[in-house]
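In what follows, chain A forms one complex with chain B and a second complex with chain C.
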Partner chain A sequence: MTTLQPPAAAEPRPAPPPARRDRRSWTGWGFIGPFVAVFALVFLAPIAYSIYLSLFRDQLIGGTTFVGVDNYTQALKDDQFWAALGRVSLFLAVQVPIMLGIALLVALVLDSGRLYGKSFFRITIFLPYAVPAVVATLMWGFMYGTKYGLVGDINEAFGVSLPDPLSPDLVLASIGNIVTWEFVGYNMLIFYSALRVIPHSLYEAAEIDGAGQIRVITAIKLPAIRGALVIATIFSIIGSFQLFNEPNILRPLARNAITTDYTPNYYTYSLSFNGQQHNYSATVAIIMGVITMVIAYVVQLRGMRKGA
Partner chain B sequence: MRRKTSRLLRGIALLSTLALGATACGGSDDGSDQKAVSASDIQAALKKGGSVTVWAWEPTLKTVAADFEKKYPKVKINLVSERSGDKHYTALSNAISAEKGVPDVAQVEYFAVSQYSLTKGLTDLAPYGADKLASKYTPGPWNAVSEGKAVYGLPMDSGPMALFYNKTVFDKYKVAVPTTWDEYVDAARKLHKADPKVYIANDAGDAGFTTSMLWQAGSRPYKVDGTTVKIDFSDAGAKKYTDTWQKLIDEKLLAPINGWTDDWYKGLGDGTIATLATGAWMPANFVTGVPGAKGDWRAAPMPAWTKGDKASAENGGSSLALPALGKNKELAYAFVEYANSGAGVQTRVKQGAFPATTAELQSTEFQSTKFDYFGGQEANKIFADSAANVADDWSYLPFQQYANSIFNDTVGKAYVSGTKLADGLKAWQDASVKYGEEQGFTVEK
Partner chain C sequence: MSSPLTTDSPATPAKTSSPARNAPRLRGPRRHTPGKPRRSLLLTVLTSLVVLYTVVPLIWLAINATKTQAGLADSNGLWFSSDFALWDNIRDTFTYDDGVFTRWLLNTLLYVVLGAGGATFLAILGGYALAKFDFPGKRGIFAVVIGAVAVPGTALAVPTFLMFSKMGLTDTPWAVIIPSLVSPFGLYLMWVFASEAIPTELLEAARIDGAGEARTFFTVALPLLAPGIVTVLLFTTVATWNNYFLPLIMLKDSDWYPLTLGLSVWNSQAETIGGDVIFNLVITGSLLTILPLIAAFLLLQKYWQSGLAAGSVKE
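Here is the complex of A and B:
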């Protein structure tokens, strides 16, 4: 170390190392800069603005006032909000297992290699996902019609009287049916592609050990696609909590069954667009976002821990 | 490096919060200049020219705007007519609260006028000379746009109610056209019994219809005095309505079809829906929406609550108003005056609009117009008679738009479950009271 003394110590150097370090750090920023800018603009800024909005209250009489966390305390005591959350939770508890179950079953059947016309089935089951949600809901809304729709036609043709799918008791199930129809194919594809990457040598080994199909599924296939199952579950949880399109589009056909506070998202929409309560709407949206995040995170933690 | 990144991100987040905060904090002052504007000021503005942006979905305004531009070549009218109803009000409210992109003229339905005038969103037109036009209009619409001495818009059309009925259906089953609401219930039973596919009317819960029915029945659920409101659906008039309508609901005599849907047009066309009690602006919609049933339908006076009573009510109708934040007010007023009080009225009536001006309503030409769609009936006589008999003292809430949006959440229950209509109205009342209080109104119990 000591032998490496600079020969001309008298001459002061214009400090090149700091300059070089600066340049290096700016190069890094150059790469992530565009991302950070877009991320800040489309993600952080709206969240920050929502939080900002949620601290105020705008009244028709009295204008805008700063209210601190009043909106939050109000939302936590808001029956309409909790009822909406309860509704999507029920939806989550019933519809998501059904949808993922069907998707998994179809994926396993396709993967088993015992099906003729595999690619035909794969594409037809996936096809509904390619139909925009709005179009799908309009189409189903028409079929649900008891006057001039498919249900009405069936009633007439067979002289039966099917229950109205758009009545208050059944409309949530009807929405679940639409969502299942839309997303079975999508989830099936996630599972199917996860199944395809399992090495075939494992199956051969299992066969040599005398394992049947069921045993192969439970001991090899399911554990191997656990990651995909967790991801699909998280997507479905988020999707359920954000339920909006289907009730929104069905509402003109079933105004009395689908209320303006039907789902948390629809509630925030109504608060904002019908009631001009943008501040309170932002509050409900933030609370809902936090709840969704917490639940999705818990599911992820649990799912991954089992995997470890 | 990692620490630096998070610090930078935090900085960006903070900065964006501050920046957004600054823009959102813009103060608002109501630009109320109460100086009188003389006719010569308006003439001078018309000579000088300029442009006026109009947000209105009324279809007949297109011709009126063209005529106006021809008459005053230097004035350009930008008619924006894509949005209607809720979407229109959402856009208007957003523009007003953003103080940006506010139109110079906006169509405002009668039920929504007080909502905007109360928050100083509309220009008082009295200084422009609108107060002198009171006698030109029928009382219902004029009451809706005026408040004391202030005038917040000029009535564009009106909707005195009438009973449209499918004569073919009534003749086929030899049922008399009802003249009272009791007869109406009887007719409903007879028709539905004769053919289970036929319903006297469609009603799946419609706020505008229900409030108009309450109006005709003599109920006055809303009392508004500035920022003090009272909401009460338990008066005698409301009881009359709920008692009668409950029968129709309980006996399943109403087709559960929402208005303005495909099913509705089909039902009006194929005899499923036998009557329709609505505003006098309906004929044009029959012609375009239900062309197949031409000749089947006729108009009749609204059934009465007690035999011989001629009291009627309004359903729908709108005015043209000048948002307070709009520009070119002289030109904007000149256009509104032309369209709703001047030569524009005739143009619009010729295209099927139903006027709010007494001169047009009383003219023989108007009254003797034969409607081909109604088998040559001179239906305007019935409508004009209804307009003259609109019961007074009705007022809407200063937040009627919101109240109407939650109608089906509350009253709607009565149509699909065991909830009684009267209880549904009570729930609607409670929800409206809650919103009123949240919005800073004094709500009297």
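Here is the complex of A and C:
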């Protein structure tokens, strides 16, 4: 899972296989065939189709014409796109480290065996993962309310006036809080599962060498779960760049703060479904896909090399 | 509950399968060893803060589901208002607008049964093929599928919508179900699980006994995969149950909405001029939406936690 294999083309063509092997190869396809067929329909075909779309433009006069890379040059000069990308990059730089940091700390604490009621903590912190983004966002949206929400209650009870979490200045942080709430437990569980499979002989050896808890964490535990850390980071990057649900659902409560081009994904959605600019929308989606994959790949290379 | 399985113990329970019964046995060798760490009150308190963060919103939801629309406005969010309206709210949620909530619930169930169920089935078949068969193009398939995980799923949404609309599939349940059928994560998990849980000799023995491939799969392999299946089924169920973006773009007709989309519509209804403000029903509906999944995760935790642990072995 942590290594990308070379593409199929790299595989040498085998010499004509013996009869028995041949029979088996067909059998294997019988089992994986259905998955591959649906995968081709919902993954590969849309990718190919969006690349095709991005090369054309639909105009009122002249209809659909081939425009080469014009859509791409337009997107690269598009301020709305860059502003949206900047917003999710800021989100990524702040929210992801906080979320993964908390998740890692909790996983280490759980794994240390020093908690009372460990399984209670593990399952409770994981629970928000089962809550749909829609419900999580509605819930937090209500609580953020300065009038009737929890923020309003706090203001009233303590006679303070907290800043409005749904104001333009704070709304990105408020979204970050919702996303952190949703996924901190999920990431914690990934780290925890990885920690649990570290061979215990390593700890015993460390103990004989007189290593303290902190030393055990930095010298044994963290290097051992590097794969899980990289995977969680990559998934979080993908998630941040795809941000859509939370701002989309929160928008009715914060019309001034959340625009319809708030994130790149929201922008492609608006282009397609409000503006009918399908070709340009596909172009922006492809650019975002490429950026995401490049960053994910770089993180993977760096993460795997570090200390290896 | 049970601690996840370890590398040195087999990733699945042997033979016929009740992992529930086997789990306590597996727990034995693993009880913490490095000098039997002392329990720490300080760490427990600090971790409790994180628990507080995760449960307070859920408690808020449960408390506020007991309030009327008026009660929501003039009572403190973390305490009950004078009138306890939970039962009225539940009844109203199900009967509002000719019982459209019930319709959305049934739609969601349809998408989960066919989408998540289908995704799990395809992942089992595919994972079994990757783990136990040699066939041309195997490495290629694996590379493409794993590579596709990095493609932002929502980036595909617009082209998928346009493609489906050409095929006449938009605004039908198929537009939601078909894209849900592919779970690369499920395929990966089943592949890891099948390679560890199914001894190849067992398959050979079944074939020598004259069982066909289908029969071998269903009678020999499938039962051994049970914990892995529960894990994949739970995670694909969450993905389908919680899906919002896909139905949002694919469906126009609110008769086909899943719960998530319906709740979002109810919520934004307050904004439209003359729209009925029903935040009490949005909150109660939200509570009803999350209860089944939370119950499933709690009840099945020993299955999916061991399934996840097995998945992380290979990482």
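Here are a few things to note about the model shown:
The definition used in the following text is that the second predicted complex is superposed on the first by the 266 of 308 C-alpha atoms of A that agree within 3 Å, B and C clash if a C-alpha of one lies under 4 Å from a C-alpha of the other, contacts with A are read in each partner's own complex, and residues count from 1 in each chain.
Rule of thumb we're sticking to: a contact is a pair of C-beta atoms (placed from the backbone, for glycine too) under 8 Å apart; a residue touches a chain by one contact, two chains touch by 3 or more.
These numbers were taken from a predicted model, which means no experiment stands behind them.
Contact with both chain B and chain C is seen for A:V36 once the two complexes are overlaid on the shared chain. Using the contact criterion defined above for the overlaid structures, shared-chain residue A:I286 touches chain C, although it does not reach chain B. Using the contact criterion defined above for the overlaid structures, shared-chain residue A:Y49 touches chain B and also reaches chain C.
In the superposition on chain A, A:A257 contacts chain B only, with no contact to chain C. By the document's definition of touching, of the two partners only chain C reaches A:N245; chain B does not. Of the two partner chains, both chain B and chain C are touched by A:Y148.
In the overlay built on the shared chain, the residue A:G275 is in contact with chain B alone; chain C does not reach it.
Number of chain A residues touched is higher for C, counting chain B against chain C. Comparing the two complexes, residues 25, 28, 36, 41, 44-45, 49, 53, 148, 252, 273 of chain A contact chain B in one case and chain C in the other.
Against chain C, the residues of chain A that register as touching in their complex are 1-2, 4-9, 11, 14, 21, 24-32, 34-36, 38-39, 41-47, 49-50, 53, 102, 106, 109-110, 112-117, 119, 121, 123-136, 138-140, 142-143, 148-150, 153, 157, 181, 184-185, 189-190, 193-194, 196-197, 199-200, 203-204, 206-207, 216, 227-228, 231, 234, 238, 241-242, 244-245, 248-249, 252, 265, 268-269, 272-273, 278, 281-282, 285-286, 288-289, 292-293, 296-297.
Of all residues in chain A, those touching chain B in their complex are 25, 28, 36, 40-41, 44-45, 48-49, 51-53, 58-63, 145, 147-148, 167-168, 252-253, 255-257, 259-261, 270, 273-277.
Within the complex formed with chain A, the chain C residues making contact are 1, 3-4, 6-8, 30, 32-35, 37-41, 43-44, 46-48, 50-51, 53-55, 57-58, 60-61, 64, 72-73, 76-78, 122-123, 125-126, 128-130, 133-148, 150-163, 178-179, 181-182, 187-188, 213, 217, 238, 241-242, 244-245, 248-249, 259-261, 263-264, 267-268, 270-271, 279, 282-283, 286, 289-290, 293-294, 296-298, 301, 305, 308-309, 311-315. The residues of chain B lying in touch with chain A in their complex are 1, 8-9, 12-13, 16-17, 20-21, 24, 28, 86, 90, 93, 97, 115, 118-119, 204-205, 227, 255-258, 261-263, 266-267, 272, 398-399, 401-402, 405-406, 408-409, 412-413, 415-417, 435, 438-441.
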